[in-house]
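Both complexes shown next keep chain A, but they swap its partner, so chain B is in the first and chain C is in the second.
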Partner chain A sequence: MNLVALPVLIPLVAGASLLLFRTARARTIFATLATLLTLLTSLLIAVRSLSGEVLVVQMGGWPAPFGITLVADGLTGIMLLLSGLSGLLTVLFAGSSLQHSPRRGQSALLNRAREAFGVQALFQFLLMGVNMSFLTGDLFNLFVSFEVMLVASYGLLLLGGELAQLREGFKYVVINLVASAIFVIAAGLSYGLFGSLNMADIALRLQANGLDSRVTMVAMLLALVFTTKAAAFPLGFWLPNSYPTPPVAISAFFAAVLTKVGVYALIRAFTLMFPGELTIQTIIFTLAGITMLIGSLGAIARQRWRYLLAFTNIASIGYLLMGAFSRSESGLSAALFYLIHSVLVIFTLFLIAGLAEKISGERYRNEGHLSVYPWLGVGFFISAIALAGLPPTSGFIGKYSLVQALFSYGDALSLIVASIAVISGLLLLYAVMLIWRGFFWGESDAVHLVNLPWAMSAVVVIAVALLLSLAALGGPIFNLSERVAKQLQTNQQYLSQVLPTPGLEPETEELR
Partner chain B sequence: MMIKYPDVFFSVLARPVIFVLIALGLHLLLRGAKAPGGGFIAGLVVAAAALLSRMAMDRPLLSFNTRLLIPWGLLLAAATGIAPMLLGLPFLKSAFGYQTWPFIGKFPWETALLFDMGVFLVVVGITVTIIDLLAQEAEYELVVMEVESGQEH
Partner chain C sequence: MELLLPFLAAVLIATGVYLVLSKTMIRLIIGLSMLAYGANLSILLAGSGTELAAPPLLTVEGPYVDPLPQALILTAIVIGFGTTALLMVLAVRAYQAAGTDHVQELLDHPDLLPPEGVYADPEHPSVSPEIGPDTNNINADEGAASNGAESKAEEEKA
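Moving on to the complex of A and B:
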């Protein structure tokens, strides 16, 4: 069962070892191999957990309510797979963009000076924090994983020290420090209230004792923290200007995966611990509608590649929360499918933005690139219509099933939020068409061919191929997400695996 | 001219205090598994010794590249977690027992101490590196100020 600890351990060991390597080439190769290994272990865990198993490891052999538990169920399996995949592509993209130093005044790509300050090591620690938050079954350990992730992300966001980075990084650090403080308070309160920090144990105690206003307070505080991390309205204001400031590979991973950690924590908390807190779930559901609208409207107003995409990321968070808190199983399973889609599509679009920024700078109003870079246009077109949710892409499958779940639930609020979802889908289409018209369409003599390194293009091709295969395998993957949603609805196996015999004394077996 | 070298009394008194601080740090490290203390606190106490050494004698406490302590400490801590996995036991499982040595007598031991030592190395590495970098910056500014005041006269 120690397999479950590996997606945390491998990045830790790799990150520490990366500090010892002296050349950028050695660091890149080592980081790639380590991330590949992490991805493989995540794949093993995902295969086993998606077939219905719940994998558990008790750290140090201390049984569940006393020690820290790492748990992998279906949801964890999906998340680990997504973080591993985007992690590997990030390292590959960062490594390949490093070979070619950027033009003066162009911060889009990682340069050697920044790399030497330990970008690769920090990224491994980031991956460790992300994987640990997906795996942990302990509320305080979840806080620790968030901290590991955040401290690494502060470093990655600020390395380079450009004006925009420092200005936006300050906001990012402050809001996250406040959120972390509230998280600790919530964890402390829940320890005082339940006498336990183990999420399965809390769930069982709540099932036995029922809800009261103190439980609602703890749940509210946790919801506040997690919606801040997920960048939902009204606490998502830190995201749209801060995520585009670091190098492309880093901001792609931030946008695709980090906000989803907040969504994951929300889903976990409100399916496992507080499924009875319906008022809070309705509040989050309503906020999800506003988040979609803010995200898609904000995207239209932006003039630069990644700043526009950061707002579309907020919109996709809105879609996810809408499905996950739609109070129906079909909504949750649609949200899980959309989660996979959203990670892949946001990641791909950010990488394409990276290539485009290398070609002609941050702004997208430079016409006529389609004739010079036809394949970039094809890649962008596929991922753009996937983002907007047009058939035959996976975005269509996701959004259609989300809206359908809401309409079949059928109360007034669901209908309003579902119509917002449809409208903001159209707005997102308009936003990506702005880029299409601004960057690819039209005639221009000023466009000159910039040599794109093949490795960078190859990473983008892989990302687009993954996106297409998600659409092609839409049926099986949707069935899978339905199974995971069913598993989350009862959590029976999760509870019985983490706490086989409640009230067990710690084992006293000695090391031989 | 700026006073570059600190107070004589301060620097003479600091010497034994630094020894006491390091001894206290090691004591806290060794008792940490069962009593208040542990690698983190011990590392901070040693960092205080490094700070004192900089302030009183204008000299680094550790004469090697302290930055390297960070990865090695992390690796030691990780290895303590991984070793039981290789024996087929849960991650981070700690072995413990008792030893009786001449002069010292009976004392408990625990493999978790190795983990604590890893933490200790990381904390010492980070804090001492920060202190040294700040001190070098301050020294640099001192030199700049001296040069500037020299130009005025």
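Moving on to the complex of A and C:
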């Protein structure tokens, strides 16, 4: 079934063809169509994989441990759907904000000069890398897709060449190159150790041979790489200043999806390959608690829209890792629900920040916008309380089930981390209310009505509507994430679909 | 050889780490490439124990070394080459824009800019794509044209 390869192939072809178009309008239309097509194929895959199937493509017809395998199970389906949705909204927002070039030095919105240097094409390559990392079943191919994603993100981050972009971009490139070098070493070591790079094959060999200190070392290296990508404490210091520097549409996609690729890789590695490495999982669980606290405290200290939101993104990474590494199935399913919620809410908040920055600049201490832009205030309020986790939003469902899972697990560490989660939820509420009081509340004569293009506003409305529908459909979606968590706990179907004939294994003996 | 290669990999990685910790961009870049070489060498070492009876896909007599680690290294080299080139360009741009390649100075003075009309590198005056005359040639859209008109007006004022 070649459907599985399409979310990788469509952006690749589209990205290459986008370089041929000469006008911005043609590029926007073509990119929108291509992303819509990617979203549709992702939807098809998600429908089939969420109903319990595991879709597998052996690239080039080479059977599993030898060739590269693309696999789509429930988790992949969810992630593809999320990346496709936010990709489409990003392309629409970037295209609609394009008509209004900002003044010099104001990087909030994409302007024509930058767009002419290939933002749309780079974004398609970014989408290709993201989708490939969700689909691949091969460790080295995961490295390659990370690199595809990262090289595209370097381009998107740096286009424009403002000093802040150069400074933060340099840091971003360096930290990612170091992480990539470690990933290469880990991949090489795991080939030497297991004689295979196929994740399902590694999982089977580990089941047969048991754990070993060398296995722990490889798992530790991989965990180091993936937590760097996910920006968990203490490896997340590169994120809060670098994500706000590119134009809004781009930084929204970065914050919503790119860090979640790291979380996805962690979940995949530690449910499929190393479920037995309990010490590492406990370490990541503890770090998740600190990540939440750092994220929410950092958010309070920030004076500018997107800089504050970047820290709330770090906090949400903490919540995700807390659930995923809580060593219980209910925690994992809560984390999967929270994953969907957090992609949508972070994305929406960044888009709203884009509109607000267009209205009154980067800082949010500028009162009295509620009376002039009432609908923007409503949209912000909904997503803000969703971020903080107050009922009746999806954030409440996610956080409540996360904390409940931890309390029912019940050892001392879980209780401590769960209380940190509650406290940092309150801190996040304080942080978003800083924006509410600073930007929307109060009265001011100095606020003027800036004409916002209808298409940008429409994208924000769609994003808020998606967030609301997640809350409304909370029950069915939560059941879905429970099913996916159950699938991830055993991975029986994944293994048997990827490696249908275990007898075919090459004669590489046990661990050398 | 068995002892020499691990030692070499260790030296490369240690040198790389030392250079990455320094604060000059060019040293950092050299350090990163050393780190990448060390990583490649360690893949070669990790995979060099696997000896195959015959080469894959052929019917020639063995023993043959496993080609897969070398394929991995080739991929990693290509990727590393591209990213290093990008990083070099980035360092040059940062130097042109700020007049320094010292990372700490960039952090201490976030708004550091050479005075207007004076460039850090007089032979290659850098022009930001938004405001520069370059934009006129690339895109004939109204937006770019009006941008160009604005910047011309600014020049005339000056």
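As a working rule, the second predicted complex is superposed on the first by the 500 of 512 C-alpha atoms of A that agree within 3 Å, B and C clash if a C-alpha of one lies under 4 Å from a C-alpha of the other, contacts with A are read in each partner's own complex, and residues count from 1 in each chain.
Quick note on the criterion: contacts are C-beta pairs under 8 Å (C-beta built on N, C-alpha and C of every residue); 3 or more make two chains touch, one makes a residue touch a chain.
Computed from a prediction, not measured in an experiment: that's the story for all the values here.
Chemist: Touching A:167, do we find chain B (first), chain C (second), both, or neither?
Modeler: The answer is second: A:167 touches chain C but not chain B.
Chemist: Could you tell me if A:374 is touching chain B, chain C, both of them or neither one (first, second, both, neither)?
Modeler: In the superposed model, A:374 contacts neither chain B nor chain C.
Chemist: If you count the residues of chain A that each partner touches, which comes out higher, chain B or chain C?
Modeler: C
Chemist: Once the shared chain is lined up, is A:391 touching chain B (first), chain C (second), both, or neither of them?
Modeler: So A:391 meets neither chain B nor chain C here.
Chemist: Of the partners chain B and chain C, which touch A:52 in the superposed model: first, second, both, neither?
Modeler: neither
Chemist: State whether A:500 touches chain B only (first), chain C only (second), both chains, or neither.
Modeler: Once the two structures are laid over each other on A, A:500 reaches no partner at all.
Chemist: Applying the document's definition of touch, where does A:15 land relative to chain B and chain C: first, second, both, or neither?
Modeler: Touch partner of A:15: chain B, not chain C.
Chemist: Quick check: in the complex, which residue numbers of chain A touch chain B?
Modeler: 1-2, 5, 9, 12-13, 15-20, 57-61, 510-511
Chemist: Can you check the complex and tell me which residues of chain A touch chain C?
Modeler: Contact set of chain A toward chain C: 23-24, 98-99, 101, 104, 111-114, 116-117, 140, 143-144, 147, 151, 154, 158, 160-164, 166-167, 169-170, 173-174, 177-178, 180-182, 184-185, 187-189, 191-193, 195, 508, 512.
Chemist: Inside the complex, what are the residues of chain B that reach chain A?
Modeler: Touching chain A: residues 67-68, 70-72, 74-75, 78, 81-82, 84-85, 87, 89-97, 111 of chain B.
Chemist: So in the complex, which bits of chain C are touching chain A?
Modeler: Residue list for chain C touching chain A: 16, 20, 25, 28, 32, 35-36, 38-40, 42-47, 49-50, 68-69, 72, 75-76, 79, 82-83, 86-87, 90-91, 93-94, 97-98, 103, 106-107, 110-113, 126, 128-131, 135, 138-139, 141, 143-144, 146-147.
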